[in-house]
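Here come two complexes built around chain A, the first alongside chain B, the second alongside chain C.
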Partner chain A sequence: MSKISRRDLLQYIGAGGIGAVGGVLYGEGVQRKVELLIPQVIPPEDYSPGVATWYNTVCNQCSAGCGITVRIREGKAKKIEGNPVHPISQGRTCARGQAGLNALYNPDRIRTPMQNVGQTGAGRFVEISWDEALTTVGSRISRLKIEGKANSVRLLSGQVRGHLDELFAQFMDLLGSEHYQQYDFTYPGTIRAANRISFGVEQLPYYDIKNADFLLSFGADYLGTWLSPVHHSLAYGHLRQGRAGQRGKTVQIEPRMSLSGASADEWIPARPGTEGLLALGIANAIVGAGRYLGSDRDQWSVALEAYSPSVVSGKTDVSEDIIVRIAKEFSDNKSSLAIAGGAAAAGTNAVATVVAVNALNYLVGNLNQPGGVIFNSNSAFSTMPSSNQASFQEMLDLVDAMESGEVEVLLVNDTNPVFALPDHVGFRRAMEKVALVVALSTFHDETTQMADLILPTSTYLESWGDDAPDPGVGFPVASISQPVIAKLYDAIPVGDIVLSMARQIGGELPVSMHWSSMEEFIKDRWREEYVSRASDGEDQDFESFWRAALEAGVWGQPGAIDSDPSVPSSASIIASIADPESKFAGNESDYAFVLHPYLTATFLDGRGANLPWLQEMPDPMTSVVYGSWAELNPVTADEMGIREGDILDIESPAGSIRVPALIFPAIRPGVVAIPIGQGHAEYGRYAKDRGVNPINIVAPLMDDQTGDLAWAATRVKVKATGERLHIIKTGGVSRTLGRQILGPSNDHS
Partner chain B sequence: MSTIVEKFRQYRKPGYYEKYDYHWAMTIDLDRCTGCEACMVACQAENNIPIVGEEQYAMNREIQWIRIERYWEGEYPNIKMNFMPMLCQQCDDAPCETACPVFATYHNQDGLNTQIYNRCIGTRTCAVYCPYEVRYFNWFTYTWDEPLEQQLNPDVSVREKGIMEKCTFCIQRIRIAKDLAKDDDRRRVRDGEVIPACVQSCPTEALIFGNSNDPEAKVTKMMNNHRGYKVLEELNTTPSIVYLTKAHS
Partner chain C sequence: MSISVLEALQPAKKPAMLVLMVVVGLFVGAWVHGQYFSDRSPIQPIEFSHTIHATDNSIPCQHCHIYADKTPVAGVPSVAKCMGCHNALPGVRESKEILKLVTYWENREPIPWIKVHDLPDYVHFTHKRHVKAGIECQECHGPVETMDRITRVATMRMPWCVDCHTENNVEHGRDCLTCHK
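Up next, the complex of A and B:
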C-alpha cells in the first residue's frame, strides 16, 4: 500500500473522496454535503478568530428604516447596534431592533421549501427541493400567462421599499398582472391621504420634534410605535434637555396612556373619536383670540365657527379652560408642532382628524420651519413606483376576488393578513379557493399555514437590499442592506427568489430581469443613480463610491432640499376642513365600552411575538410578559367588581374574545384597551397559543376617505366570566411610598 | 484570610478609589428616559442573559441586569407615570460585598462591584443585602433553543445554576478598551471609548457613562448637574450612579 501523507488524506476528506467512494460502491447516492475536517485552513476574508468585524445594514423590524451595524465574531452575528452615521438612528436602536438577532437565529425558521400534501390549512407539509418548488410555481404562472390570464396572479407583500419594491413591480408588470399590492397594518395611509388633502403632497413629512418647543400629539405614540420611534426618541431627548436653559413641553391626547403619554407633561384623555374636534376647537381658540395674523383670518373664523371651545368641550369632555390654555401655549411658543396618529388616525374620521391637526400646524406657521412640519424632498431613488399599499377596502376586494375564483395564484411575501385582518373578513377561508397559494416567508405563521407551497426567505440580516427611509429626514437618504453573515439553511433572499421565478417563467421576463442576483440588481440600480446624479467634473468612479457606500451603509445629501419650500395655500386647508367626529360600530346602550386596541412597543402589530427577548421584555406601561390583558379604569373595575386576573368576555358586534383584566390607572372610564400582538395560532414556539388578538373583534368600519380599517371605532360589552388567570408581571411596588427615589424634589405620592 | 480582610478594610476607606486611574460611573437622566426598554434587550444580548421562560418568569425568577421601574403618581385623570432604569449602582460601600461569605463579590480598583462566578457558592446573601434588588440568581442552568446559542457573546461567560449575577458595567468592553489603550501606549482610555450596551442603545441619550476620576469626562460634568441625586443615598451605599431628576417646563 502506497503511503498516503497526512496532507493527501486531508485533501481526500476535504473533497469528500472517501465518503463518495463508499457511496458509489454500495450504489447509494451520497447526499451529504462536503465537510472539511479542518475547517477553514485558508480563512475567509474578514475572519480572524477573536476579532470582531462590523457590517452596516438596515433594520427591518418596523418600517422606520433605521441604519444598524452588526457585530460579527467567527462568522456569527453577536450584537446589533445603531449605525452612528445613519441620519435616522444615529447610533441608537429600540428594543425590537436589538431583538433582530432572535429572528436570525430563531429555532422556528423555515429551513427548506415545503409543500402542503394534506387539506389546505391542515398543516401537513413535506420538504421539497428548490427545483421542484420553483418549477411548480413557474410552470403554473407561465401557463396562466400564455392563456392570457396573468391577472389571476396576485402578489401581496408586506411593506417593502427601495428597489425590492421596484423588482416586485417589474416582475408583475412583465407578467401582465396589475395586482401587486402591499399590506401592512401599521401603514399610515390616513396620514398620507390627509397630507395630500391639506398640503397637496401625499407623503410623510419630517416632523421636527427635535427643535420644537411645544409638541401636541393627538394619539401618536411617537416614542413607541409611530412612524420612526428611534428617531423621534433622539429628537425627544433633545427637546427635553438638549438645549441649555430651554426645555420643550409635550402634551398627549389619547384615551389610554401610551409610552409617549407617560413622558408627556400633560396627558389629556379626550373622548375617543373626538380628537379631530379637539384640534378644531384649539384652532378656533387660536383664531378667535387673534393669535393668527394671516390676511385670511376671516375665512378661518368662518370655517371654524362651529367649533367654539364651549361646543367642543361638551363633545370631547375636555374642559374649555384646557382648550383655551393649550391654544395659547400652542400659538405662544416659538416652534409648536402638532402630530396625529395611533387611534386618533384610525377612526371613521381618520383623514378629517389629521386634516384638522394639519390646520393647527398651518395656523402657527410652522410649515417648512425648524421645529415644525418639514416636507421631504424627493426620494433618493428616481425610479420608485408609487405606493402599492392596499387599504382595508382593497383587502376586502381581494378576498372577494379569491372567493369568486378570480385568483389562481396568490404570492404572499412577508405579511400575515390572516392575523392582521379581523377573522370575519374571511381571508383564511378565501385562501382555500385559490388554486395555488405560495408563501414567501421566514417564519411559519397563520398565513403560511394556509399555503400550498412555502418558499423560505432569508432574514434581512442575510439579504441584499436598499431603502429610502419614509418618513425621511428632510433631505435625500438611501441605505444599503447587505448580508452580515452567510445565509442560514436552505432559505433564499426574496429578491433572488423573484429573479429565479422570472427565469423559470421565461419569455421576456429573464430578458428584462437579467440580473443573476439581488446583489447585482441593487448594484446596477445604484450605478444608474450614481451616473444620473454625478454632475460635470465629478468623480465618475462608481466602484469606489459603492465600496464607500457599503462601508457606511448609507448615502445622503444633507442640505440638498430640493422640494418646494413654499408653504401651501391656506385656501385648500380651509376648504378641506370637515367635521371630524368618528362613528362607532355598536350602539352605546348595548356596547358600553369603546375598544382601544393599540400597537405595542414590544410586538408592534404582532410581528415581534416570535422573538423570545421581546416575549420576556415587560410591557413598558404595565410590565406584563407572556400574554394578553384588557385594561380597565380602576373606578370602572371597582364598580363592576372586577379584579386583576378576572377573565373577561369582551364582545363586539363582530365577535368576542376572552382576556384577563388588568387594572390600569391611566385609562378613561368607558374605554377598554387591549394590546395588539399576541394571540397567534401559529408563528413558532414563542408566540403560538399565547394571549388573544383584539383585531379579531374589530368591526369592519372604514375611514370615509381612504377605506383604511377604522380599528379604533368599535364598541364592546365587557363582562366577567367568573374564571381567573394569573397575569405575569415583573411586579414591584407601583408607588414610591415617600421613598424619594425619583429625586428629592419630585416625590408627591 | 487575614490578608484578605486587611485588603478588604483598606479598600473600604473613603478616597481609596481616587488614587487609581478609573472610577467608572454613570448618569441617568430621568427627564430623557421614556421607558422604552431598549437598554434591557441590549443588555440581554450583550451579556448572555438567559431566556428563563414563562413558567420561571411567573415565579419571579427573571434575570434583568437592567430593568425599568414604574411609579404612578396621582389618580385619574391627573395621573403621571415615572420610569426609572434600575441596575447595579456599583456602590463604593456596597452592602453585598460585606455579606458574601466567600468573597465572590468584591470591589476592584476601577470602582466596580465585581462578581466572581467561579467563587460564588450561591448563598444568595448578597441579594438580600442589596437595597436596590439588582442581583439575580440562576435557579437553573438555562439553555438556548438551537440555534439561538450562536448569538452568545464570546466575551462574556455563560452562567450556571447556583450563581448570582448582576450588571458589570459591561466589564468586557472596559477590558477591550484598556487593551487598545495599552497597545497605543496610552495610560488611560479616552472618554467615550467605553460604552456599555445599555448606554449605546439608549435612543434618548438618557444614559451617560465614563470615568468620574477624569474631571473632563462628560459623565463627571453630568454628575455635577443640579438635578443630580443618588437613589437611597441615606443608606450610605455611595452609589456610582447619579440620577438626574425629572425637570418641569
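Up next, the complex of A and C:
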C-alpha cells in the first residue's frame, strides 16, 4: 500500500465533501414539497374533514329561481349542481349557475364598508367600520323622516322576490317613502303587460314546452336567456326525445340565430320589428283557412282582416308559402305553443307583439291545456307586495327627480343602472346631485363607483332568503335560500343590513321590524304561511316541517292549482289586437342597419362579466372568448369589404361605439348584432376595460304601453375604421374545406 | 518476467479514487439528509412529543385524531382541542413549547404543522376503511407512541400499499380503481 500524500488526502476529502453536498442536494431535490397540516382553531360543529355535505339553496345568477345544491367540504363551497328535487331545475344548472362559486370567492369582492372621501365618482374610498357606516345612514334618514321628507329617500334594487322584497317594502313603508323600486334590464315587463291585456292576469304563465308538439318562438331564446333557461332546456329535451316515436318540432323567428334558433328545425329571419305582424299573418291564415271553429270566428276574421298572408309577407320578408304552411302546422298539431321574447318583445310595439302571439295560442285552444299556456296559481307566499319593477320611463323620472334635488338619499341594492341604462339617460350624472348615495353591493361596479357610502353585501351563498319562482311551474312552489358556508369578509347579507338600519333609525321601525336577523324573519314568515295552511291552524309541527323544507331546499304542492282553470274569453284579445310593427330610431337612408343587441348565455345583461369562468367560456354560437364583437352577414360584409377583425365604428342617433367585426352566417343581411354584457368601466379585474356595451347606443325609444326600453328599436350606420384586431375564438374556420362533414353535398367552399 | 496491470493503471488510480470519494460522499450526504433534514422527520413548529402524550399519559390515538374511524382523514386536532386539556393542567404555561401553543391559541391562529404522512392527490386513501378493518395505527405509522418527533417509517409508496393488500388478501385490493378513481 503506497502512502497517500498530504496533498492527495486533502483532494480526496474535498471530493468526498463535494459528494456529500451533492447527496444532500439530491435528497432535497427528490423529496416532496413540504405541505402543511393546518388544523382548525375552533372546529365547526358538524365538521368532518374529507366528507362532503350538500346543502340546498337557491341560485341568484338570474331571476329563474333554480334550486341548487352546493357541495361543502371542510367548510368551503366546492361545487354547485342543480337540486334534484326542485321542480324548476330538476338537478340541472346552467353555466351561470355553476359560476356562482366565482362570485363567492371573487378576489374583487368588497370586504369592508367604505366611504368616499374624494369627489363623487373619483373612487377615493377609505375603509370605515360598520358602526360608523350605519350611523351615517341611520342618522341621515331619521332626520329626513322627522322633517317629513321621507319621500326623498329612495330604494332602488335589482330584481328581488320572496320575503326580502316584503322586507324592503315594509322598511320603506314604515319610513313613509313611496319610492321603493326595482330595476332589472332582463325583466319581462312587456310579456306581463301583454298577458294582463290578453288574459286579464298580469303574470308569467307556465309555458309547457315539455308537452308541446310544435313550438313557435318569436325571438325568445328559451334555451339561453329567456325566463327560465334551465327548465326550458329540460322541457326541450322532452319535447324532442322524451316521448317514444314522437318528435316535437320547433320553429324560431329571429333576425340573428340564437342558441334556440340553432336547435330549431326551422329558423325564419323575419324583418326585425315585424315579428308581431308575422304572428297576426299566421293567425289570419288559421282563421281564413277554416282551421279555427269557435263561435267568435267572424269577430276574429274582422280583427285580422288587414293581416292577410300576402300583405304580411311583403312587410315581414317571409314568403306567403311559409306563413300558410306554419299556420297549417301550428293548427294541425295536437299541442302547439307560441312564445315571444328577446328582441321581439323589445320594440316600440312590444306589448302588441306579445298580444298577437297570445292570440295564436288562443286560436289553437292551448290555454290551460298540456303543452300550452298554463296559468300559474297565486304565489306560494300570501304577503307579497305587488311588483315594484320600474320601467324605463320610471327610471327617467327617477333621473329627473335626482337632477332636481328631490332625492336626498338613494339606496341602491344589487343593481347597476349606470351600466344597464344607456349613457345618454344620464343616471351617472344625476347621482352626483344626490346628497347621500348608499350602495349595497357585493362588487364594485359602475354604480357603486358613484356611491358616497358602500355597504358590502354577502353573496346569495352566504345569506338567508326565500323565493317563489316566477314563472312558476303551474303549482305553488317556494324555495328556501340558506347560507351554505360561513360568511366571508366583513360583508353582511342585505336583509340583515336593512334590519340593522331599521334599528338605527328607531321610532316605529324596530318595533314592527323586530327580527334580530334575516333567518329569524324568514322562519317567522314561513311559520305564518304554515299556520295559514295547516288544517288545525296550529304550528306544533312547524319545526319538523321547517327542518324538512331546509333539507329539501324547496316546498311545493304538486297538483294544487288554485288559479281559475277556465279559459279567458276571446273578446279582450280580439279587442286588443293592434298593429304590432315596431318603429325605429334613425331613418333607413342614413342608418342602414338595425342594431340587434342580445343577452348572452354567459353574462346575461352584464352581471356575469366579473366571473372568470364565464369570461373564458366561448360564446355558444360564435365561439368567441373575451371582448365584444359585431356580427355581420357574410354577403353584407363582402359588399362593404369588411373582414373579420376589422374595427367598425357603429353609430346610432344616440351615440357610437367601436367594435371588431365578426362574419356570422346566421344573421339577416341589414342587421348588426352585438352581445350585451361586456364594456364595463368598473366591476373588478375580469370585467374592467374589456369590450363595449351596446346598451350605450340604444336610442331612448319605449314600448308604447309599458314605457319599457325598446332596446331592439335602434338603427345604426356601420363604417370600417381601417384598424384591425384579432378576434379570439375557439372555433377554427366556419367552412368545411371539402371535408364533407355536412354530408354528401356539392359544397365547394 | 511479469507485466503488472496495476503498474499500467497507476496513472488512473488517483482520478478513480477521487470519483470513488465523490460517490461515497453522495451516499453519505443523501443518508444524512434523509436522517436529519428530510420530510421523514421534519422539525415541527412546536416540539410536540407523542411519547409524553401516548405513553406517559396513555392517551389513545383517537382521543385526538377523532375522525380516523369516520372520514378519509384522521384529522389533526384543532387548537381548541389542545387547549381543552392544557388550559386545565397546572403549571403548563411554564414550559416553553406549551407557551407556543398558548400563543397560537390567543392569536386564534392554527399551528402550521408540517405534513409527514402525505399521499399524492391521485390516491384515494381513506383512514375510515383501514381503521374499520381492524388495522392498528402502528402498522403504517410505526411506534408513534415512542416518538418524540414524528417520523415516517413506511415509504408510503404504491409497492408498499400493494404488498400489504396482497398479503392480507384484500378484496379488490389489487384493482387499480380501488385507489385511483
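Quick note on the criterion: the second predicted complex is superposed on the first by the 685 of 749 C-alpha atoms of A that agree within 3 Å, B and C clash if a C-alpha of one lies under 4 Å from a C-alpha of the other, contacts with A are read in each partner's own complex, and residues count from 1 in each chain.
By our rule, contacts are C-beta pairs under 8 Å (C-beta built on N, C-alpha and C of every residue); 3 or more make two chains touch, one makes a residue touch a chain.
Keep in mind that what you see is a predicted model, and the values were worked out from it rather than measured.
Residue contacts after overlaying the shared chain place A:G655 against neither chain B nor chain C.
By the touch criterion stated above, A:V51 is placed in contact with chain C alone, chain B being left untouched. With both structures placed on the common chain, the touch criterion links A:G507 to neither chain B nor chain C.
Look at A:G176: by the touch rule set out above, it reaches neither chain B nor chain C.
In the superposition on the C-alpha atoms of chain A, the part of chain A touched by chain B in one complex and by chain C in the other spans residues 50. Here chain A touches chain B in the complex through residues 50, 73-74, 76-82, 91-95, 97-99, 101-102, 104-107, 223-224, 229-230, 233-234, 236-237, 240-241, 247-249, 257, 259-263, 265, 267, 269, 488, 601, 612-618, 620-621, 623, 625-626, 633-635, 665-669, 685, 726, 728, 730-732, 734-736, 739, 741-746, 748-749, going by the rule given at the top.
Of all residues in chain C, those touching chain A in their complex are 14, 17-19, 21-34, 37-39, 42, 67, 70-73, 75-81, 105, 108-115, 118, 126. On the chain B side of its complex with chain A, the touching residues are 29-32, 34-38, 40-42, 44-46, 51-52, 54, 57-58, 60, 62, 64, 67-77, 79-84, 145-154, 197, 200-206, 227, 229, 231-232, 243-249.
Contact residues on chain A toward chain C in their complex (touch as defined above): 8, 11-13, 15-28, 31-32, 34-43, 48-51.
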